[in-house]
Each structure stands twice: as structure tokens, then as C-alpha cells.
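In the two assemblies presented below, subunit A is common to both, partnered first by subunit B and then by subunit C.
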Partner chain A sequence: MRIELERRGSASPLFSVISPILSLLLTLVFGAILFWLLGKGPLSALYSFFIDPLTEVWSLHELAIKAGPLILIAVGLSVAYRSNNWNIGAEGQFTLGAITGSILPVLVPSWHSPLVLPLMMVMGMLGGALFAAIPALLKTRFNTNEILTSLMLVYIAQLFLDWLVRGPWRDPKGFNFPRSLDFSSDAVLPPLLDSGRAHASIIFALLAAVLIWFMMRYMLKGFEVTVLGRSERAGRFAGFSSRRMVWFSLMLSGALAGLAGISEVSGSIGHLQPSISPGYGFTAIIVAFLGRLNPLGIIASGFVLALTYLGGEAAQLSIGISDKVTRVFQGLILFFVLSCDTLILYRVRIIFGAGKTLAEGKH
Partner chain B sequence: MLEAILLTIITASTPLVIAAAGELVTERAGVLNLGVEGMMIMGAVCAFGAAHVTGYPVVGLVAGILGGALFSLLFGFLTLTLVANQVATGLALTLLGLGLSGQIGESFVGIPGVKLQPIVFPLLSDIPFVGPLLFRQDLTFYLSIALIIGVHWFLFKSRTGLKIRAIGDSHGSAHALGINVIRTRYLAVMFGGACAGLAGAQLSLVYTPQWVENMSAGRGWIALALVVFASWRPARVLAGGYIFGAVGILQLHAQAFGIGVPSQFLSMLPYAVTIVVLIIISHNRRTTLINTPACLGKPFVPDR
Partner chain C sequence: MTDARSVEAGSLLSVRGLTKYFGSFAACNGIDLSIAPGEIHALLGENGAGKSTLVKMLFGVLQPNAGDIVWGGSSVSIGSPGEARALGIGMVFQHFSLFEALTVAENIALSLDPRIPLAKIAEEAASLSKAYGLPLDPNSHVADLSVGERQRIEIVRALLQNPKLIILDEPTSVLTPQEADRLFETLFKLKAEGRSVLYISHRLEEVQRICDRATVLRHGKVTGACDPKQETPASLARMMVGADVAAVHREEAPQLGDVLIEAKGLSVAARTPFAVALKNVSLTVRSGEVLAIAGVAGNGQGELFDALSGEYPVADDASVSIRGQAVGRTGINGRRLLGAGFVPEERHGHAAVSDMSLSDNLLLSRSRSDRKSFLSGGLLSVIRHDAIRETARRICGEMDVRKSGDDPNAASLSGGNLQKFIIGRELDRKPSVLIVNQPTWGVDAGAASRIRQALIDLARAGSAVIVISQDLDEIFEVATNIAVISEGKLSPSYPAGELSLERIGLLMGGIHDSTRHDQSAQAEAALAH
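And then the complex of A and B:
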């Protein structure tokens, strides 16, 4: 058996839509097999993983809480990836945004003003953007690979946060727990509705997605991103600077990751602690690809991946499987997305036995 | 004291050297597999499991190698057969590997592991200082040295090595010469996977003989940086591996001594050093261009 690819004349619009759906279906099939291997009824397990969390109001709020940071980060990453700048350190930019955004509530807790929250958000974005500027500087100035540098910075940011909350920022009245003091009510993103915990991060996310979608579709900057990403040479002929694009795309994705970080800390946690993210920065990579690097697609895929987090927690309680299965699911989704994307650009033929190759068949 | 420190440095450097040697061959064939971290952790969990079940750490080593190689096939299928984006697929491999290993290893947590025992060379190991360092090591250390020599010989002295380098530098020309690009790349990817798996096995059988989730702790990524640092030359992988290993161990000793710097900042050192080293190596654009395999990361669809 052999698989042969034949390039399509142009990207297939049909398969651009089918591919993410197909990959989700394949994930479900493999998920069922996985549950079966773990000795659980596949269908009931899938039900409690993917449907149960959608049946109650509080869990819908949790869904929005998890989807917010995922969408925010992924939308920024989509711009970076489209321009061929591989920022995979969003987890670090998320962490640093959370730290810089927390400067006000931690160091000046006595300042009460409606200005506190907006300032925190801005400082979070600045922190994330500046942290992402490091790989940008290294790439433009020293030609280093941004994949490796941005990833190394994740470890550095996490250790820095760890030091802060165990050292200078530790709450003196916190019984020696490694955490900062609780944010005052002026520094906490309030719940949107009375029915649950969901806060403004999901609004930020939807807003960012729509704005970036508009930029990519109707603004020169978006065109610049696409052209430079497809062909740096062509972009240079059009007068676009690939150097400036490195800065722009990395800092934009960093700023959005930073905003996600401070919103998460301010809205969901209420203080700083050593661990503030269940891997949002890495899962957002999957969100970006499942959404086909399209901001509107990312909104949908963000909710899907948020569901895998909730499903993992729910399945742990209801059918007693480990929540580690969540990360298996997330990895599987990305694999299937990437393989199904082949269908968009290529016709795939599966040839059984020692069949002739395409060209020989045509002669 | 010095001997003890050097011993731990050797143990810490060995997995880096092994994984980087494998990735070097993969990249020389023009394939950028960013999934080293994922293959490493899969190797670690397979090795621990097999050693635990059978009681033989050597079986664990073999299981680690097989686990890493099989896992890399997934990457090969996507990037070589389906021509998926190599960067994204490598990330997917890492994310899936970290998740899958956590799931597989769930029942291994807290179980005491089986340690791979050192091989003692008679007489030679009695030489003071040098003996314990070089002739009383476990199998993985000897394998890592053999691997560096073997990879160097294979890439630069053998015919297949020449083919691999040709494919990495110009897959179109290699294809026109009748070399089976896809098949060779599959083998190079699997070699990289096997090495990453072996490196992972070293972690769970020698370095810390137990299973801890995410125990690779970024070593796969450091191995990737090591290949860039070595400018795709095996001997430099050995040197670089020991530099990175030494930084990791010395910062641990510095933490134990308590030199007044918060432990978190010392823990940052290996990652910070990686960045600094990348800057030093990459800043000369021309030498980077000369050394990098020209087709690294580029998709290849054979025209017929």
C-alpha cells in the first residue's frame, strides 16, 4: 500500500471547512478507543467528557473562563505563525503579563480607584509584549532561532514568578504559603453575570479575535503579514520589512498573551501563586491550528479546547479516569488537524499493492 | 569531591549528547523534528515500564529506544508522507508525548525504579581518578561516546552518510540522482527518535531511576539547541553536551552551597546559557548559512 499526493491547482475551499471537523471526528473515534483501552464504556465516557460539561450553567461559565485565555493567546499566535514567526513561548509571555499586571495590586494595595483595573490590563499587555520582544530582538539582531529562545524564556518566566511569590511578593500574613496577598476588589475583574464566575477575559478574547480578523482581511498590515509569511522575497519587493514584521508579530502575540495572563490572575485566581496556568500558552498553539489560523475559526476552536479541560475534570470525577487524558486528547487533535490539512492542498491517493505511479498511469 | 561532581556532570550530559546526536542525523537529512522532548519523555516512560515489569534495566533501554523510534514514525508519516508543516508537527509530537507519557506513567508514580548498573572494567577501573570516571560507567555513557564516533564516521566517511547529507542540502538534486529521499528521511527520523528514546531511558533508568511526570524538563529542547550550537557536527555535540551538562550540575551544587543567590535564578541558568550560546553561534549570519543543511524544514513532494 502506498500513499501518493498530487498537488491541487489551488487550495480546496471545501476541504478548508471539512478538515477541522474531520479531525475532531477522528479525535472522537480515537478517544473512544482510548477509553475502551482504559476499561471504560467508550460512549458513556465520551458523553461525560464532552457533553456533561455543557449541561449546567456553572460549567458553561467555566467554559468561558477557559476559552478566554485560549482564544486571546491563539489569535495573537495566528498572526505570528502566518508571518512565519514561530513564537512558542506564549506560556512565558502569559506568565510575565500576569506578573507586570499584578505590580499595582501587590505593591500598592491601598490605592483604590476605577483606574486600577485598566492600568493593570495595560501593564499586563506591556509585560507580555516586552517579554516577546526578547526573541524578536535576538532574531533580528543576532539571527537566533525564535522557536528555541521563546521556549527557553518560558522556563525563565515561570522560575521568576516562583521566586516572586516565595520571596519579595509573598503575603506576610499568608501562613508561609507561596502566594501574594489577595487583590483588592478594585483589582479584580468582576463576574459578567450573576449566574457564575465568567469574567471579562472572554469579552477581551472575542474583541481581539474580531479586530485581528478585520486587520487580516481589510487592512494593509494584514496583507503584509500574509505576504511576508508566504514569501519573504515577494514581501521585500512590495516594500515590506520582514525585520519589522518579526517585531510586530511577536510583540502583538506577546501582548495578547500578557493580557490573557493578567485577566486570568485578576478574574479567576485573585492573587499570584507559583502555578497560574494549566498550560494555556501551549494549548493555544493547538487552538490556533484547529482554527486554521483564522481568528473567527479560533473562536470556535478555543471553545472546543476549553471543553477538553472541563471534560478532563468532569471525567475524573464521574468515571474515575485521570485528567491527564485531557492532554492526550489535545495532542491528538493537533495531529489530526495537521494531517487533515494535507487534504486542502493535495489530492491523496491510496494505492494498494504494487500499483503504477500516477505519472506512469497517465503515459 | 571533584570526582563526585565530574561523575554527576557525565550522567547529566549523557542524555543531551545522545538526543542531540540523533537529532543531528535527522537534521542533516533536512528534517527539522521539534518533537525531541516528546520522543524523549516517551522513551523514558517506556523504559521505566519495561524495566519495572521485567526487572531487567537493559530491557528498559531497548524499550526506550523502540518507544522513541515508533513515536517518531508518527512525525515521519505526517511530515514525509502527508507533507505537513514540520515545525507544527514537531510541536504536536512534543505535546502528545508529554500527555501520553503522563497517562501511561500514571501507575508508575512513586514506584522505586530499577537502576541500570555500571559496567566495571577490570584493572582499568582501578586507575585512580580516571578509572571511576571513564571505566565504571553504565552502558548509556559508552553508547553516547560510540554514538558520536559512529555518527561522525557514518555521516562523513560512509556512502549512505553522503547520501543523507546530499538529501539535506538539496532534496531535488538527490531525488534526480535516484536517491529515495522519502525512505532515507524516514530512516533518519527514526534514528533521531531512537536516540531521543535512549536519552529518555537514561533519565528514568540512570539519572533518576524513577518515573516523574515531565521528567525530561526541557532537555529535549536543549538538545535541539545543542545541534545548532554544534553547527551540525558530531564532535561539537559532545563538547556542547558537556558544557550544558556542567552548567546544570554546577548550578545545583551552587544551590546546595547557598551562595546567596535565590535558587530560582540558579535554576534559570541552563535555559539562560542556552539562549546566550545560541546568540554567540548564530550572530554570524554567513557561517550559519554555510553550516545549516539547506533544505532543513522544507517540504518535499517527489515529482514523477
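And then the complex of A and C:
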């Protein structure tokens, strides 16, 4: 017996739209089973995981704080993925953007000027873009696989940050804790509203999503991204360069990840420390796919995944299970998104014996 | 039909009401067919007529939804190619399934019982290939063999099973005329032994020459069963197409003007191990001229197209010039701006992106040359979808592109209609130079004649046209001058009227005669061997 995936004649447009919703529903069903196996009431557990965080103003602010970097990174990744460049290292570009963005407040803390914040943001984007240029260089020069190189660079960036805050950038008055000195008020993204902590990163994210959406839908550049992603040969026929697209898409996604990194450090943390991200760069991959690589869809999916972070914390407090459950839910979502997408394009055939077809997905 | 029924009693294979649905589309709809022992039976039809679906059902690759297959008097169901082989049906597919890194004998062994020793297979293959006039060295590597030799492996592989019926899918589409003649001799030998051959083709002359009976398919139905020797090519074509194919009209003495495209000593190294290097290619095409470049597939046609189109620019700027300007180092869009248009061989994924709409595919080749009308917003380059859709509509109207919906995806069009769109996309610009690689490959007869006429009309209006083609009928139909490419070398070009089929065949086989004395001696020497 063997199982075969057979390509469908055409993908159902209805199910292409329903698929993300269907995969979220399946995640909820399996989440309920998970809670039940852990001996918790499935419904009340799901309530405290997914609904509770939405009932209070401060937690809505937290939701925006978590959604900001996720959307920002995922929007950049969507361009890379559409052009068939698989940047898996957004976590590293996020980290390096945080480092380069922090150069001013850490090394020249005495400089007070309204220019500090914009400069930090630009330097963060530059850092992320240049870090993403490394896999681009390796791919265009040596034909290496960007999935591997960008992923390996994540660990380099994280260890570099670790070394910085334990070594040269450690706060001399910080009682030997591995952290930089606190940013001055000129270097901190202020809260948007008095009611909570949410800061400009969510604005950056929404702005980036709308701009990238416009580019992908109405501009020749977006057309170039799509054509080269679908067929490199057709792109060459159109006069588009796939090498330049490697640089463009990787550096664009790197720049947005870097902006997310410096915004997070400047707005939410206020100093550098060994760990600055609960895996935003990796979770954003799920966000990008759940949003169907469409920047507007990514806004919605960014909030959904942000909720899993808050839900994990809430579940730890209220029903006493590990916040690792966040990772489990994120994994479930990715699994169901990818499998729903696969089943839209393919039907499953189970084949018994030699070539005899007994069961088919249809008929 | 009466013909089919009367032979049925003694037939080797007969098929009654065979039907295959893909979704709601009937690829084969109630097909009746019978093949007598020891006959060469032609299966004729346009692309998409259902020929491939029919033979796939006979070979067990697909399962019919309705109908019977009767083999040697008893009804059978053929569940897999293995069962078909066990019955005595062998098949040679159009696309070979051979491992290039393995030897001939190893490739044959893969389809046989693994317990048979390799030496025995090699010995049997060698003796079989000798007996049937298919010279083949069992120990040579497939990668080193020509397409014709590779086809022989497939035929020998089928013959080793001692089949009563051999199905050949478009076997001559990849062969030179000489290689095809050799294949026909083999087929006659098989016939003399009482084996049957089901011969799929759309080359009418061939079918008339070698086949005893023919079954013609159109839109999944049998539209005629006849003795092809009693028919004319025109009457066979009528059965295939359903209407008289418009004869291509050509002016007798074309007015030639300035040189519009020229290549001088163009040499390009092979980009990949499987590519062909171009060696010192020179050509000139004048206004009003159609230069047809003949040659067997894989002799550098794709590489020549890449170099002329600028998809892969070359190092020597002077080796290609368009309208007097050296463009060797210029990219494809720079050459388009000089008035050149290009149509590559592969429709899906090269000339067009399958899952993009026709209007997007229009923008694909014209984003730069029609920047003014298709883009706005200065540096932002905002796409003017409405203007592009309007132009796409106009092209579809002019080239008679049949499609479902206003702006469907390229993948939803049939090969012929998509090709008409792709050619129309360039013609719409009124290019002064047009380079087309295999303009009617896999295209039905109606669309093919439409496309050829358009190419001739373009030249008559004063453009220079290069047609790279493997189809000799097409070449004689459109060309004012003919050159032949072989192993990356291009022959001088000859006026179409001065070249015979035999001469082209020799050139395709790499035997270049030349007016220069020092080379003619070599050519004679080569011929003598």
C-alpha cells in the first residue's frame, strides 16, 4: 500500500479563502483535546488562552506590542518567499538590527537630540539589511542555499549580542548583570496612548503592510517579484534579473526585521540584554504563511499569533500549565495551514497493491 | 465504421466505445478502433484530439471510464503497464525515460526481471538491434548518444518483451529524414514478422507512406477510418481539423531591403554540461526576408535563441547587431527597444507564466518597450492594468485567441491558442526584427497556419524574421532563405527554392558542404566514410 498526492486540475477558490480559517478551527479542536489530556477543562482553558487576553485594555496594548514585530517581519518575508528566496534567518536580522540600532544610545548616551530616534531606526534597518546581504552574497556568488546560511547566521547574531552585553557594552554600573545601560528618554519609542505600553512598532508594521501590499499589487517591482518567484526563466525573458532579486528581497526582508528589532529594544525593553525576542523571527514565518503571503492577510494573522504569546502567559498564570504551550499552538497552526494548503492543490490517493486504485479522494 | 466492424473478427486488438473523462471533460468519447495482426495502423489527430489518452489506456497508464478492450478475442482490463507488457503490448513514448549516466544495457535491464544477468541482456540487445537494423552498442553511455540512438534503445527495450503490438508515439518528431527512413525499414521488418504497429503521428506524408490503415481522431471522437494511401494529404488534414486548412499565401519574389539583424562569428561556450556551444555562427537577415533555421532538436537552437535575444548576452559586443547597432552585450530589453521581438520555444514558464493572467503575460515581454502606455507614476512604475487589459483584448481579437472569460490564466488556454497570443503579443508592436523558436511546436493545424501566415505577412511588411524550427514542412512554407544548425554550427543560408529535403537532411546530419575548396575535400571524405 502506498499513499500518493495527485495534483488537482484546479484549486477551489472558495477553499483558498476558507483554508486559514479552517486551519485555525482545527487548531482549536486539537488544542481542546490537548487540554483535556492534561486534565484541564478544555473550554475554560481555551477561554483563558484565547479570549481572556482580549478583555482588558492593558492586554490589548500587549497584543499590539507582540503583533508589531510579527507583522513587520512577516511582511518582509512575504516578499522574499514570493520571489522564491527562502529567508529563514529573520530572527538573526532582528537581533542584528537591534544591535546596530543601539549603537547611538549605548556608545553616545550623552547625545540628546530629536534626531536620535529616527537615526536609530535607520541604523537598525541598515544592520538588518546588511546582515541579510550575507546569504544574498553567498547565494549569488557561490550558489549556496539561503535556507541554511540565513538560519546559521541567526545563531551568530544571537551569540554576538550575548558577547556584547557581557563584554564591551555591559553597563559598568549594572552590578555585573549582562545588560547595556538604559537608553535615555531621547532613544525610547514613547507609548502611543496613556492607557498602556503600545508604541510605534505597530504603526510601522501597519504602514509597511500597506506599502508592500501596494507594491505587490500595483507596481512593476511587485510584478517582477511574482514573475521571478513563479519562473526564473520567464523572468529572464522579461528582462528581470534573478540575481538582483535575491539581493532585493533578502535585504528588504532583512531591513524590516532589523526595524522590528530596534523598535522592540527601544520601545519595549529600553536596553540590550542577551535575549530580546521570544522567537519573533521564526513565528513570523507562520504569520506569513497563515496570511497567505498577502500583506493585508498578514495583519490579521499577526494578531492571531500575537494572541498565542499572550495566551501562553495567561494559561501559565490562570490554569498553571507551562507557557511552552504557546509553541505547541504555533506548531499546530503551521501544521494545519500547510496541510490545508497542500490538500487544496492535491488530492490524496491510497493505492493498494500494484497500481490498482481502490480508494480515491473523489468519485 | 463499417470498415472497422468487418475487420474486427480477426483483429489482434479491438476497442469498443472506450471513454475517458477528466472531470466533466471527455478526452476520449466512445472510441472504436481495431488493429489487425501484421498491420501498421496510424492514429492521426491534432493536439488535444485524445490520441495520447487513448494509447495510455491501451498501455494501462490510465483506466477507461467506459468501454471494452478486446485482446486476441477476449475482453481484458489492463491495470498497469506491467500487465500491458505481459499481454504483449510494447510502447515507445515520445519522451524517453532513460538514465543518462547509465549504459544502454543497464537502462534496458532496469525494465526487466532483476535476476537476468547484465551480460545476457547486452548480448540479446545487440543481436536484436542488429536483426532489426537498429545499430546500437550496449556498452555505450546514454549521455553520449544522439536522440535517434536513444529512441533505438526504447524500441529495443520494447522488442525484448517480444510484443505482438508496438505503440510508437510521434517517433519521427526528433529524427532527421535519414534516421526516419531507417526507422521505417525497422517497422516494415516488424510488420513482415506479423507484429502490429500503432503509429501515432500528425505528419501526413509519413502516414501515407508507411501505414496500411488510419484512424482519425478529433475532439475525442473517431472522425474517420480510412486507407491513407487512398487519400490526399488535404483530405486527411480535413478529417483531422474538420475544415479545410487555409493554405499559407506567399508572395513569390520578396523585396529585400537593409540588413536588420546580423551575427558575425558568434561563439558561446556551453553554460551547462548538457548545453551545446555555439561555434562561429554568422547570419544576416534583411528587411522582407524570412530566414528559417532547420535542425534536429538539441543542436544549439535554444542557445542560438538565447544569444540573439539577449537573455544571455555575449562578451563580444560586435558579434550581434540589430539595425546596425552592436548589441552583443545588451540585454533583452535593450534589444526590444531597438524594435526586436522574441518568441521562445517553451510556452509555459518561459514565454508565459502559466498561472498568471493573459494581461500580466502581456506585460511580461513589454514592460520596458511599452513603458509609456503600460506604466505610470514615474519611478514608482505603477501598472496601468486597464490599458494592458485593453491591449490584451485587442491581441486576442486579432489573432483569434479562443479563451474562457475575459482575462483567463495562461494555463487555461490550449497550446495553440496560447501560442497565438504569444506571437500576437510581439506582432502587436510591429517589430522590425522577430525571432521565433519553434513557432508551431505542439500547435494544432488551424493555429499553425494562422501563425505561419502572420510571420510571412510581417516579413512582407518590411521586417526581418528568423524562424528556428524542426518542422521541415513549416520551413518550406515560410522561408525565403534556409540555413541548418548542427552541433552548434550554422550552415550558410540558401534560397529556399535551391534546397532539397535530402540536402537539408545531410546538413542536419552535420555534413557541411562548402563553396570553399579546402573544405569540400573534407566533406567528400566525410561522405565517403
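Here, the second predicted complex is superposed on the first by the 332 of 363 C-alpha atoms of A that agree within 3 Å, B and C clash if a C-alpha of one lies under 4 Å from a C-alpha of the other, contacts with A are read in each partner's own complex, and residues count from 1 in each chain.
The rule we apply is simple: contacts are C-beta pairs under 8 Å (C-beta built on N, C-alpha and C of every residue); 3 or more make two chains touch, one makes a residue touch a chain.
If you're wondering where the values come from, they're calculated on a predicted model, not measured in any experiment.
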Original post:
Just subunit B (first), just subunit C (second), both, or neither: which does A:I88 touch?
Top reply: first
Subject >> Most subunit A residues touched (candidates subunit B, subunit C) >> reply: B
Original post:
Now for A:Y346: first (subunit B), second (subunit C), both, or neither, which partner does it touch?
Top reply: first
Original post:
First (subunit B), second (subunit C), both or neither: which does A:N145 touch?
Top reply: first
Subject >> Partner chain(s) touched by A:V29 [first = subunit B, second = subunit C, both, neither] >> reply: neither
Original post:
After superposition on the shared chain, which partner residues are touched by A:L296: those of subunit B (first), subunit C (second), both, or neither?
Top reply: neither
Original post:
Is A:V122 in contact with subunit B, with subunit C, with both, or with neither (first, second, both, neither)?
Top reply: neither
Original post:
Should A:Y218 be classified as contacting the first partner (subunit B), the second (subunit C), both, or neither?
Top reply: second
Subject >> Set of subunit A residues, in rising order, touched by both subunit B and subunit C >> reply: 357
Subject >> Of subunit A, residues touching subunit C in the complex >> reply: 9, 218-221, 223, 226-227, 230-231, 233-234, 236-239, 354-357
Original post:
Can you name the residues of subunit C that touch subunit A in the complex?
Top reply: 22-23, 60, 63, 79-80, 82, 309, 311, 331-333, 336, 342, 344, 346, 349-356, 360, 363-365, 367-368, 375, 377, 380-383
**OP:** Write out the stretch or stretches of subunit A touching subunit B in their complex.
**Re:** 3, 5, 7, 81, 86, 88, 138, 141-145, 147-149, 151-153, 155-156, 159-160, 162-163, 166-167, 282, 285-286, 289, 322, 324-332, 334-335, 338-339, 341-342, 345-346, 348, 357-360
Original post:
Which of the residues in subunit B end up touching subunit A in this complex?
Top reply: 34, 74, 77-78, 81-85, 87-89, 91-92, 95-100, 102-103, 106, 213, 218, 221, 224-225, 228, 262, 264-265, 267-268, 271-272, 274-275, 278-279, 282-283, 285, 288, 301, 304
